[in-house]
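As written, the chains take the letters A, B and C, and residue 1 is the first residue of each chain.
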Amino acid sequence: MAAIATPRIGVFATRAHRQEFIAMLVLRAASTFVVVAISALFLYLAIEGTKLFTVDHVSPFQFLFSPVFNPDANKPGSLVFIVGSLSVTLFAVLVGGPFGIAVGVFLAELAPPRMVAAMKPAIEVLVGIPSVVYGWIGLTLLVPLIRTVTGSNGFGLLAAGTVLSVMILPTVITLSEDAMRTVPNSLREGSLAMGATRWQTISRVLLPAAASGLTVAVILGIARAIGETLAVQLVIGNAAVLPQGLLGATAALPTEIVIDMAGAQQGSLLEHALFSMAFLLLLIAMALILAVRFALRKRA
Amino acid sequence: MRDAVLTLEIARAKSARGVRHRRFVDRSATTLLWCAALAVLALLTLFVGYILYLGAPAISWQFLTSPPSEVSAGGGIGPEIYNSFYILGLTLLFTVPVAVAAGIYLQEYARPGAFRTLVQFSAESLATVPSIVMGLFGLLVFVYLLRWRFSAIGGALTLTILNLPALMRVTQEALFSVPQTYREASMALGATRWGTIWRIVLPSAVGALTTGVILIAGRIFGETAALIYTAGVSVAAGKGAYDLNPFRPAETLAVHVWYTHAESVVPDVARIGNGSALVLLVMVLLFNVVARIVGRSLTRRFTGR
Amino acid sequence: MQLIEAQESTGLKMDVRDLNVFYGSFHAIKDANLRVTEQMVTALIGPSGCGKTTFLRALNRMHDLTPGANVTGTVSLDGTNIYDSSVDPVVVRHRVGMVFQRANPFPKSIFENVVYGPKIHGERNRDALLSCAEKSLRRAALWDEVKDRLFRSALDLSGGQQQRLCIARVLAVEPEVILMDEPASALDPIATSKIEDLIGELKKDYTVVIVTHSMQQAARISDITAFFLLGDLIEVGTTSEIFTRPKDRRTEDYITGRYG
């Protein structure tokens, strides 16, 4: 009696099985597509991004460390853009990081339900505001403000960094709130039961316990900042010079790409240099993902 | 050493001064955190109020519907609004099925193993690719390799890849929130895995899923960097601007704001930027509100409550 | 009546041999052997965490759904090992239904809940579905309470009603064996006694295996009782044997309340 080996209700069961099989196939195909997409992207940019070295025989050292960017004279040194990107990102993380973590901690530990209900949609909206609108606000509000206060022309590192610090806020807030919420309640109660104040509990027990999650929040904030293009382009000043202090105009990798790509001949040294910059950005993004994995593994 | 510090702290805590000090620090910290949170709300209010103030004078029916101008003042943003919706629609058409399918696979099917790790790692990596880099990838594939030139479809496909990870995440979270007991009950009645997902899990998740999709739609609507070198910075003249043909250049509203400021020679750049920024912001707010309303009503409808 | 006699008086429905269940490296069930007799109620008792539920879930391959769970040994249903590679777990679960500890109706109407099984197995005809729903709800002693609100949400029912709905839902797929995992543990005494009466009715047509933490319940409703302790199946016997003349000292200790 092998009733279970062959489906009991004949035709219907087999149809269900056929559906199961097809569903599995489709779902797997979609998942494979994700793998194919990132692989193709990486491969393509790796090929295009190294043509500067293989076709034009520029040394990677020159590309990375020379501040002279003059593609017409075979001098695609990108130090300015690399330093520019790193400094605006650093600025954004130094300002937006602690600010975002503070709000995340607030939401997880202190906020009354009504405040959470008000903040959540607000953060959603902040995520949704297009980067070009952030840039526009920076351009028409922040830059004139800096100009009036400092007497500089307003465009530069300070403006770009400030805009970016606001833009990374939602990422940092959401992720640090999540990190705080994953701390087991027993730790919280344990500390409070010993007579610690709420702030002592947060600063000495919860923050250390959530350290890896908070690290991830900051790293993903960095990832958001370093690739941001238009908001930065509108306010950074776009001068291919190393930043002269906080008020100095400079340029970043994404802003240089977006400005010069339009005029770059296919196959030219300039185009190759821009693809090298894009590949460099991709490598940085990948490195940040590996850093996230590393931070999370330490916790486990 | 630590013990010594602790003992010291306990001793200090017991003294009245210690208690006062601790209370003072606690209050100050609480105040500070409250200020940080309120600052976020204040920033948002400031942005919305400011953009409203800037943009309102620029808005008119004529501005919203007429085509942009190449050289003179008075250009509108009609075709750009159309293109933004058109590319958004195309993108959702491609990205939702793929992302939902991949999300279902990861959440409901995949056993821990090499393939799942690979898919997850790919999605995470894809999620951090800067949108300008994605734009250059789109340029390489759709413009150079497939020779489509700048096209709506090229832009939409670029955005499809760009938004896959976020949508997968939304799918996974929506599925995760469906109680495991539903799945067990269905499987125990002799349903297949797919039957369970199709009849029980997805209907229970559809509200959260839709909310997430609409929120992401809001982000797609305002995407810029990935579109400049894929969908292009121009619109066709005349009636052609409202074409359904996906193989035509299609500058979106967000791209238009940037391009007008960066490259164009029209004298009323500020007016166009202000008005467009307002339209973009209103759309974001609208997407947020709609997301919540639709999500809630779908949940109610599909769960019989 | 002796166990063997009792089992031979009807038929053997399920035969569990050398069953082992692992969760990762944790050995949850160790070499369990049990014969489940047709049209009888078999109760699985033991202190919490002893593996009763784990054992029960091995009888319709629910462990397939738990990542990291691993089952060895054989579980035969009418002579066929349900863990054989040629066997489809979906069909196994169709024949061996399950009622869970907490009532878990789908977030759909009462009607949709009951006819879920017939629908997934291909029944489309609405009249057939309606009569199936009525029949199942009547058998689960719920019809009179819900007949006026079949199309309202099942989540509005009381806990006891929800659990009877879950039983009706299982009956609607016409299984041969019904597994119940502490079906009354979350219910008040009145709802509990309704469920117990229902189980008494059901055994006329079905084979029932029930996990319970209440010895009184096992004594009231079961014909055969199996005692589990720390993953071992210590003793199986007719319920009267187990409760009056347990052979194993540990069974006796448990019955007399030495451990809880």
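The rule we apply is simple: a contact is a pair of C-beta atoms (placed from the backbone, for glycine too) under 8 Å apart; a residue touches a chain by one contact, two chains touch by 3 or more.
Model, not experiment: these values are computed from the prediction.
Per-pair tallies of C-beta contacts place A-B first.
When every chain is represented by the mean of its C-alpha atoms, the one lying closest to the mean of all protein C-alpha atoms is B.
Ranked by separation of Cα centres from chain A, the top chain is C. If you average the Cα atoms of chain A and of chain B, the two centres end up 14 Å apart. Inter-chain centre distance (chain B to chain C, centres taken as mean C-alpha positions): 47 Å.
Averaging C-alpha coordinates per chain places the centre of chain A 52 Å away from that of chain C. Contact of a single residue of chain C with at least two other chains is seen at positions 90-91, 94-95, 120-121.
Each of residues 16-17 in chain A touches at least two other chains.
Contact with two or more other chains is made by residues 192, 195 of chain B. Across the complex, chain B is touched by residues 60, 62, 65, 67, 90-91, 93-95, 97-98, 100, 102, 104-109, 112, 116-117, 119-121, 152-155, 166, 169-170, 173 of chain C.
Listing the residues of chain C that touch chain A in their complex gives 77-80, 82, 84, 86-88, 90-92, 94-95, 120-122. Chain B contributes residues 13, 22-23, 25-26, 29-30, 32-34, 36-37, 39-41, 43-44, 47, 50-51, 54, 97-99, 101-102, 104-106, 109-110, 115, 118-119, 121-126, 128-134, 136-137, 139-141, 144, 161, 164-165, 168, 192-195, 197-198, 215, 218-219, 221-225, 228-229, 254-255, 257-258, 261-263, 270, 273-274, 277, 280-281, 284-285, 287-288, 292 to its touches with chain A in the complex. Remark: chain A residues 16-17, 19-20, 23-24, 26-35, 37-41, 44-45, 48, 99, 102-103, 105-107, 110-111, 115, 118-119, 121-133, 135-137, 139-141, 166, 169, 173, 195, 197-200, 202-203, 220, 223, 226-230, 233-234, 254, 257-259, 261-262, 266, 274-275, 278, 281-282, 285-286, 288-289, 292-293 touch chain B in the complex. Of all the residues in chain A, the ones that touch chain C in their complex are 1-5, 7-9, 11-13, 15-17.
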